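Listed below are the structures to be examined.
Next come two complexes built around subunit A: one with subunit B, the other with subunit C.
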Partner chain A sequence: MESRLKQVLAMNLAAVFARAGVRVKASFRESSWVIGETIFPFLSMSAFVLVYRGLHAPREYEGFVVLGGAMIAYWNNVIWGMASQFFWEREQGQLQLYLITPVSRMSILIGMALGGIAMTTTRAAAILIGGMLLFHVELPLSRALPAFGLFLLTLGAAYSLGMILSSLFLLWGREVWHTATILQEPIYLFSGFYFPVSAMGAAVAIAGSILPVTLGLDGIRQVFYGKAAHGLLPLAWIPPIQVALTLVFLLVASVMLRYMENLGKHEGRLTVRGD
Partner chain B sequence: MKRLARVLRASAWLGWQVEANWADPLLFLIYAIAKPLATTLILFFMVKIVSQGNATGETFRFIFIGNTFFIYVTEVLIGISWTVFRDREDYETLKYIYVAPMRLLPYLLGRAFTRVGTATVGVVVALLFGRLVLGLSIGATATNWLLLVAAVALGLVGVLWLGIILAGTSLVVARHSMNLNEGLSGLFYLLCGAVFPLDVLPAWARSISLALPFTYWLELLRRLLTGRGFAASLSGMTDADLWKVIALATVGLCALAILWFGWCERVARDRGLIDWKTNY
Partner chain C sequence: MDLTVQRGECFGLLGPNGAGKSTLIKILTTLLLPTSGRALVTGYDVATEPFQVRRRINLVSGGDSSGYGVLTVRETLHLFSQFYGVSGPVARRRADELMGVTGLAEKADQKLSSLSTGMRQKLNFARGFMSDPEVIFLDEPTLGLDVEASRDVRGFVARWVRERPDRTVLLTTHYMVEADELCGRVAIIDHGRILALDTPTALKRMLPEEPVFEFQVSATGQDLEGLREIQGVRSMSHHAHPATGAVELKVVVEEDDVIGEVLGRLKGLDRSVLNVTKMEPTLETVFIHHVGRGLADEEAEDGDGV
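On to the complex of A and B.
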C-alpha cells in the first residue's frame, strides 16, 4: 500500500517536472522569445511611467506602475499559459495523450504553472530591474522579503484560479481567444494594476478583490510604500485571505477538472482532430 | 483588378467568419468593445487619481484621442501577423491558400479588413463613450469630419502596409516571435506619444519618435478634433506638412512592404516554412 502511494507520488512529481521542464527549455530555446519577453514588456511599462511623469504624478506612483507591470506579466501567463493551454493542447491533438496518462490532471497543471512562473519571471524581472535602473523608481529593498512572501502567496492563488479557468476553457471553442482577451484590459482596470484599486471606490475594489492579483498587488504596495499605497484592506488580512483563496481554488479546480473531463467525454468534445 | 477585388472580398469574408461566427453578433460586439472601453477607463482613472489635480480635462482629451485611434495600430498590426500563425499552424490552411490561384499578399490584406472593421467598432464606441459618458467634447467647431475620415483612412493604409511587413516576417519566424510583433506595437505606443506629450521623452527617444509616421498621424488627428496641437516638438509644422509626411511615409511603407513580403515569401518557400509548425 505504502509502496503504491510512493509510486503514485513519484509519477506525479515526475509529471510536474516534465511539464515544467518543457516550458523552461522552450523559453530559452529561441533568442527572439527572450528579447520579446524582456525588452518589449519593459517598453510598454515605460509608456505608463512616462504618462505619470507627463501628469506630474507623485514618485511612488511610478513604483505602483512598475509593480503592476510585473504582476501583469504573471496574470497574462495565467490567462494564456494556464487557462487557455488545454484548449491549445486539444487543438494540437495532444490533450488525449494527457488524459490517457496515469497521472493527475492537477500534476500537469502544476507543472505548467511552475514552468510558466519560471518563464514569466524573466519578463517580470526585466520590468522591475529596468524600472529601478532606468527610471530610478524607488523600491525600498529593505522590505523586499515580506513583499516576496506575499508575492509567492499571490502566485499560488492566481495559478490555482488559472487551473479552474483551464477546466472551463477545456470545452470551449474559439470563444477561448476572445474570453482570454476580455480577461486582460478589463482586469487591468479592476485589479488596479496601474493605480491603487481603492481609488475606484470600495464596492468596485472589493468586487475586484475576488481576483488574487488585486489583493496581492494591494498588499505588496502596502509593504513597500505604507500608507502612500492607499491600501484597500489591512495588510495583516491579506496573507490569510490568499492562503484561503489558494485552498478553495485548488479544491474547486480539482472538482471542475473531473466534471469538465467527464462532460467532454459524454459530449465528444475532448478531441477536434483525427490524429 | 476584378480578380483582386474578388480575392479581397473572399478573404475579408473568411476573416469575418473566423473571427465572429462562433457567437451571435451582440456577444461578439461585447467582446469587441470591452478592451477599448477598459483602456479608456484605465486612462481616465489615471488622469483623475494619479495626477492629483495636476492634469486638466484638456490633457485627458488629448490622451483619450491618441489612445482611441491607436486601437487601429494594435488591432490591425498584430491581427495581420497572427493570421499567418493561425493559418499556418492552428488551422494548417496556409499551404492550401498558397497553392490556390491567388497571391498571398492580397489574401492577407483582405483578412486584415475584418480587423479594420472590429477596430473601427472599438474606436467609434470609445469615442461615443468619451462624449456621452465622460463628457468630453469630441470635435471642435472647425472640425471637418470628412477630412478626419480621410486622415484616419490614410493612416490606416500605412498601418496595413506595416502589418504586411510584419506578416512577411511572420512567414519566416517561429510562432513565439509573435512577442516581437506585439512588442513592436508596445514600442509604437511608447514612441508615438499616444498617451503622453512627446516632450516628456528623453532627447534620443524623441528623435526616434519623430521618425515614425504614426507620431504625425496622431498629431494630425488631434489637431483635426480639437483645433490645436499636443506635441510642442511638432508645433512648427502646419497641418499640410503633417499630411505630406503621412502620405510620403505611406507610399514608402507600401513599397517596402511589397519588396520585403516578396523576399520573405521566397525564403519561406525555399526553406519549406509554408507549413511549419512551431506551436509546442
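On to the complex of A and C.
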C-alpha cells in the first residue's frame, strides 16, 4: 500500500516537472515571446515612469511603476499561459492525451504554473532590472527578503486563480479570446499596476483585491516604501489573506476540474474542438 | 452492443461514419461516460475506476499530432512517458526504438515546428507506445499518412503484437486491407450494433455465394445511384480512383446474368466501361454486404461537404 502511494506520488511529481519543463525550454527557444512579454511591457512601464517624472511626482511613484511592470508579466502569464492553456490544448487535439493519463489533472496544472513562473521570472527580472538601471529607480535592498516572501505568496494565489480559470475558459469555449482580453487591460487599471490602488477609492480597490496581484502589489510597495505607498490594507493583513486566497482558490480549482471533467465526459466537450 | 476482446488480440472495428466506433473508443479510454451499460478494460470499470484503466491504456488518433512546436521529437516522447511513470533510462531506450521503427531517428533532435504533418503524425503514433500499454487503442492510425508510412506503421503494429502476446490492440480503420492484415477478429458495426463478428477469413467465407463485379467506368456521365434499382443487384459502392480519375464501381449481384443489365444501364448513363473484373471476396465485400454500401462511398460524400 505504502509503495503504491510512493509510486503514485513519484509519477505525479514526474508529471509536474515534465510539464513545467516544456515552458522552461520554450522560454529560451521562442524569441518572439521574449519581445511580446518583455519589450512591450517595458515600453508601457517606461511611458508611465516618464509621465510621473514629467509631473515631478515623488520618486517612489517610479518604483511603483517598475514593480507593477514586473507583476504584469506574471498576470499576463496567468491569463494566457494558465487560464487559456487547456482550451488551446483541446483545440490542438491534445487535451485528451492528458486526460487519458493516470496522473492527477492538478499535477499537470501545477506543472504549467511552475513552468510559467520560471518562464516569466526571466521577463519580470529583465523589466525590474532594466527599470532600475535605466530610470535609476531605488528599491531598498534591506527589505528585499520580506518583499520576496510576499511576492511568493502572491504568485501562489495568482496561479491558483489561473487554475480555476483554466476550467472556466474550457467551458466558455470560443469566447475565451474575449474573456482573456477582458481580464487583461481592465485588470491593469483595477489592480493598480501603475499607481497605488487606493487612489481608485476604497470600494473599487477592495473589489479589485479579489485578484491576488492587487493586494500583493500593494503589500510589496508598502514593504519597500512604507507609508509613501499609500497602502490599501494594513501590511500585516496581506500575507494571511494571500494564504487564505491560495487555499480557497486551490480547493475551488480542484472542484472545478472535477466538474469540468465530469461535464465533458457526459457531453463529449473535452474532445470536440471549436464549440 | 455486447463485445468481449480477449487479452493478446488485435481486434478490428469497422463501420461507416456515425456507426459509433470513435464513441466506443472514447468510452473505453475514459473520455466519455456510457449513457447506459457497463464497459470494462483489463477488468476495471471505465466509469468507476478510470485511473486503474488509464494506467494500462494508451490512445493514438490518426490525423492528430501531439506535442509542442518548441520541443524536439525526443523531448516530446520523453514528456509523454513521464505521465505514466516511465523511468528515465527506460523512456530513453523506448524513444530510440520507436524513433527507429517510425523513421524519426534522423529527426530526433529537430523541433516539432520544423516537421511535416506526416512526421508529426508518426510522432503521435510513437507517443502512444511510449508507455508500453497493456491495451492500445488505435483510432484510424494511418489516416492521412502516405503509402510507405502506412506500411511502416502496420508493420510496427504487427511486430508489436507478435513480440508481446499479452498486449491487446483495438483498431478502427477505414482501410479494409489494414484490418485484414492486422486483425485476428473483426467486428462490423453500424448505429451502435454489431452486424458481424469473426475472423476476416470466416467473415469472407460466410458471404453468400453472390458474385461481386468490379467495374472501372468513365468519370463523366449521369449519376450511378440508379443502378441500385436494377432487379438482382444486392448492393453496390462506387468512388473515384485517386490515380486514374476513373470511377471504381463494385456491384454485388444475385446471379452473373444480372451483369448484362448493369452494362446496359451504364451505357444509358453515358458511362464508358473501361474494365470489368469478377472479384474474390474481401473484407470490403463483407462490409458492403452487411452495411449496404462501401466505406469509400462515405469518404466521397464527406468530400462534397463544405
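Everything below uses one rule, namely that the second predicted complex is superposed on the first by the 261 of 275 C-alpha atoms of A that agree within 3 Å, B and C clash if a C-alpha of one lies under 4 Å from a C-alpha of the other, contacts with A are read in each partner's own complex, and residues count from 1 in each chain.
Just so we're on the same page, a contact is a pair of C-beta atoms (placed from the backbone, for glycine too) under 8 Å apart; a residue touches a chain by one contact, two chains touch by 3 or more.
Keep in mind it's a predicted model, so treat the numbers as computed, not measured.
Enquirer: Contact-wise, after the overlay, does A:58 reach subunit B, subunit C, both or neither (first, second, both, neither)?
Expert: Only subunit B; A:58 stays clear of subunit C.
Enquirer: In the overlaid three-chain picture, which partner chain does A:17 touch, first (subunit B) or second (subunit C), both, or neither?
Expert: After superposing on A, A:17 lies in contact with subunit C but is clear of subunit B.
Enquirer: Touching A:26 in the superposition: subunit B (first), subunit C (second), both, neither?
Expert: Touch partners of A:26: subunit B and subunit C.
Enquirer: Based on the superposed arrangement, let me know which partner A:184 touches: subunit B (first), subunit C (second), both, or neither?
Expert: Touch partner of A:184: subunit B, not subunit C.
Enquirer: Touch test for A:37: subunit B only (first), subunit C only (second), both, or neither?
Expert: A:37 sits against subunit B, while subunit C stays out of touch.
Enquirer: According to the stated criteria, A:194 is in contact with first (subunit B), second (subunit C), both, or neither; which is it?
Expert: A:194 sits against subunit B, while subunit C stays out of touch.
Enquirer: First (subunit B), second (subunit C), both or neither: which does A:50 touch?
Expert: first
Enquirer: Should A:9 be classified as contacting the first partner (subunit B), the second (subunit C), both, or neither?
Expert: The answer is neither, since A:9 touches no partner chain.
Enquirer: Based on the superposed arrangement, let me know which partner A:255 touches: subunit B (first), subunit C (second), both, or neither?
Expert: neither
Enquirer: Under the stated touch criterion, name the partner, subunit B or subunit C, that contacts more residues in subunit A.
Expert: For subunit A, the partner with the higher number of touched residues is B.
Enquirer: Just which bits of subunit A does subunit B share with subunit C as contact spots?
Expert: In the superposed arrangement, which is not itself an observed complex, subunit A uses residues 22, 26, 30, 92 for both subunit B and subunit C.
Enquirer: Considering the complex alone, what residue numbers of subunit A touch subunit C?
Expert: Residue list for subunit A touching subunit C: 7, 10-11, 14-15, 17-19, 21-22, 25-26, 29-30, 92-94, 96-103, 108, 264-266, 268, 270-271.
Enquirer: Can you name the residues of subunit B that touch subunit A in the complex?
Expert: Contact set of subunit B toward subunit A: 18, 22-23, 28, 31, 34-35, 37-39, 41-43, 45-47, 49-52, 54-55, 59, 63, 90, 173-174, 176-180, 182-184, 186-187, 189-190, 194-197, 200-201, 279-280.
Enquirer: Under the stated contact criterion, what part of subunit A meets subunit B in this complex?
Expert: 22, 26, 30, 32-33, 35-37, 39-41, 43-44, 46-48, 50-58, 61, 88, 91-92, 173-175, 178-179, 181-182, 184-186, 188-189, 194-196, 199-200
Enquirer: Would you pull the subunit C residues touching subunit A in the complex into a rising list?
Expert: 26, 29-33, 51, 54-55, 57-59, 61, 64-68, 70-71, 75, 78-80, 82-85, 111, 127
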